[in-house]
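Next come two complexes built around subunit A: one with subunit B, the other with subunit C.
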Partner chain A sequence: MASTACFIIVSRNDIPIYEAEVGSAPKEEAAHQHQFILHAALDIVQDLAWTTSAMFLKAVERFNDLVVSVYVTAGHTRLMLLHDSRNEDGIKSFFQEVHELYIKILLNPLYLSGSRITSSHFDTKVRALARKYL
Partner chain B sequence: MAPLAPKTGDPLFANVERVNAELFTLTYGAIVRQLLADLEEVEEVNKQLDLMGYNIGVRLIDEFLAKSNVSRCVDFKETADIIAKVGFKMFLGVTATVTNWNAEGTTCSLVLEDNPLVDFVELPDTCQGLHYCNILSGVLRGALEMVSMKTEITWVRDMLHGDDAYELQAKLVKQVPEEYPYKDDD
Partner chain C sequence: MGREVAETCMEGMILEMVSAYSTRFYATKPDLAARRIEAIGYQVGLQLSERYTTERPRFGDHLEAIKFICKDFWSELFNKQIDNLRTNHRGTFVLQDNRFRWLTRIPINSLPNKMDASQHDPSAPTPDNKAAQDTSMHLYFPCGIIRGALSSLGIPCAVSADISNLPACSFVVRIKA
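Then we have the complex of A and B:
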């Protein structure tokens, strides 16, 4: 089942600290477009995040047939996913598991909060989770 | 009658005061992080951790001997066993295994399967030469020096560098005889 998906983690200062194309059929121009769409959605996320106390904000924006879903953590770090599937529970579980991985990265004393996540271990795990839930 | 010296550290571990493991791990992590920020050179940080460990070790040995009631060790082999089973258990809550004895019985390896100091830690690319647990080598060196054994402790295997366990090599350089601080003739 070909599904395009682009996942980024944006810190509280609006700096992307992690990016991954997790779809099974990414095309070159589409990749740039995906990142652009996700960045454009940041403003909407900003407003929406203050209106609800839930962490999972469902679909915040639509673009053609692609949907942007966002999960906001307690430290105002945004996990954003651009996808075309409709499996909301799967996406919610995906976000929760990535959140746990992110917490483990945060607990690393040698990790500067807000800097890029360069751990290949984290990268492999996120891609595996994406294949499992998306 | 004095209580018998324990063969394992479990009863001791149950009696000493304990602190939350995550607090301990995160505090140690903060120390290493601050040292990296202040000293910037990985080698310097390694040396400083060793020095800090040495200072801890010279004081820790007294507490260890007071609480654990072990009798005088006959040789280095027994010393290594006591450190691995009683010492590590009492202070870190993990037991080490002693392996790799050389022919004269002066060098051995202490292998730690898990290490509470390094939970959640991953070394970034800029600090690849860092011996994160170097404080442990300093502690052992300091403690053994206070009981008249000069040793050299080095890291053989380190999980943060990709190996499967933590291995410390303890080499007994010499047994220093007890020196009295004053002369009898004066």
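Then we have the complex of A and C:
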């Protein structure tokens, strides 16, 4: 079951600190378009984030048949996922697990908050979680 | 994510850190030592607040974030909540802890009142009493923790501590407009 999915983490200063194509479909030329859609959705997320105190904002925007879902942490870090599946519970669990991983990265005293996440371990784990939940 | 450590280990480590910075690393420059300790507290506060806010919904305004610090955050750190919270509704909050855990080992004698740990004013008025200055060194770390926690929740502020009556300790939070 091929699915397209692009996942980015945007810090509170609007700097993307992590990007990954986590879909199981083969990488197409439109991969750069996925990042563009996600960045364009940031404005909508900004408005929506202040209207609710929940962390998981479900589908904030649609593009063709792709949907952008966003999860905002208390420190205003946004985990954004562009996907075509409709499995909301799976996506919510995915976000929660990635949030835990992100906190572990933050607890590293040598990690500068707001800088890019370069840990290959983190990358492997995120891709494994994506395969599991998406 | 949550291994447990004895509280005495934590207290011992903090005492040693304060002592190392004020007597070995920056023995002749207490202001610099204070800023370093506060910066360590800042980073710890950032990380801790991210960790303790996973399970709960996000905050609507400053007051909710301060209440989080007083209740959940303080009970995670010290197993008790802040005893008294006062505000002037214009961006200043006073958090009073009637028995601050990390200061319980300090003897109670007459100490001068205010110790300023705000980040814009490192040249604080130094108490003439050496014991008072040593005691105030121990307060930079919790001030930094509070400042880091609030900054990560999006509230830039300056935190100072007031130990006019031990073992009670008041933290004054001034939110920057």
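Here is the rule we go by: the second predicted complex is superposed on the first by the 131 of 134 C-alpha atoms of A that agree within 3 Å, B and C clash if a C-alpha of one lies under 4 Å from a C-alpha of the other, contacts with A are read in each partner's own complex, and residues count from 1 in each chain.
Just so we're on the same page, a residue touches a chain if its C-beta (ideal position, glycine included) is under 8 Å from a C-beta of that chain, and two chains touch if they have at least 3 such contacts.
Owing to the predicted nature of the structure, the values given are computational and were not obtained by experimental measurement.
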| item | value |
| --- | --- |
| Which of subunit B and subunit C A:R116 touches, first, second, both or neither | neither |
| First (subunit B), second (subunit C), both or neither touched by A:R12 | second |
| Subunit B versus subunit C as contact partner of A:R62, first or second or both or neither | neither |
| First (subunit B), second (subunit C), both or neither touched by A:A74 | second |
| Residues of subunit A touched, compared between subunit B and subunit C (which is higher) | C |
| First, second, both or neither for A:A54, with subunit B first and subunit C second | second |
| Contacts of A:R131 with subunit B and subunit C, given as first, second, both or neither | neither |
| First (subunit B), second (subunit C), both or neither touched by A:L107 | both |
| Footprint overlap on subunit A, comparing subunit B with subunit C | 104, 107, 109 |
| Residue numbers on subunit C that touch subunit A, as the complex places them | 1, 43, 46-47, 49-51, 53-54, 56-60, 152-154 |
| Complex interface listing, subunit A residues touching subunit C | 12, 49, 53-55, 72-76, 96, 99-100, 103-104, 106-107, 109, 113 |
| Touch list for subunit B against partner subunit A, complex | 26, 28-30, 32-33, 36, 119-125, 127 |
| Contact set on subunit A toward subunit B in their complex | 104-105, 107-111, 118-119, 121 |
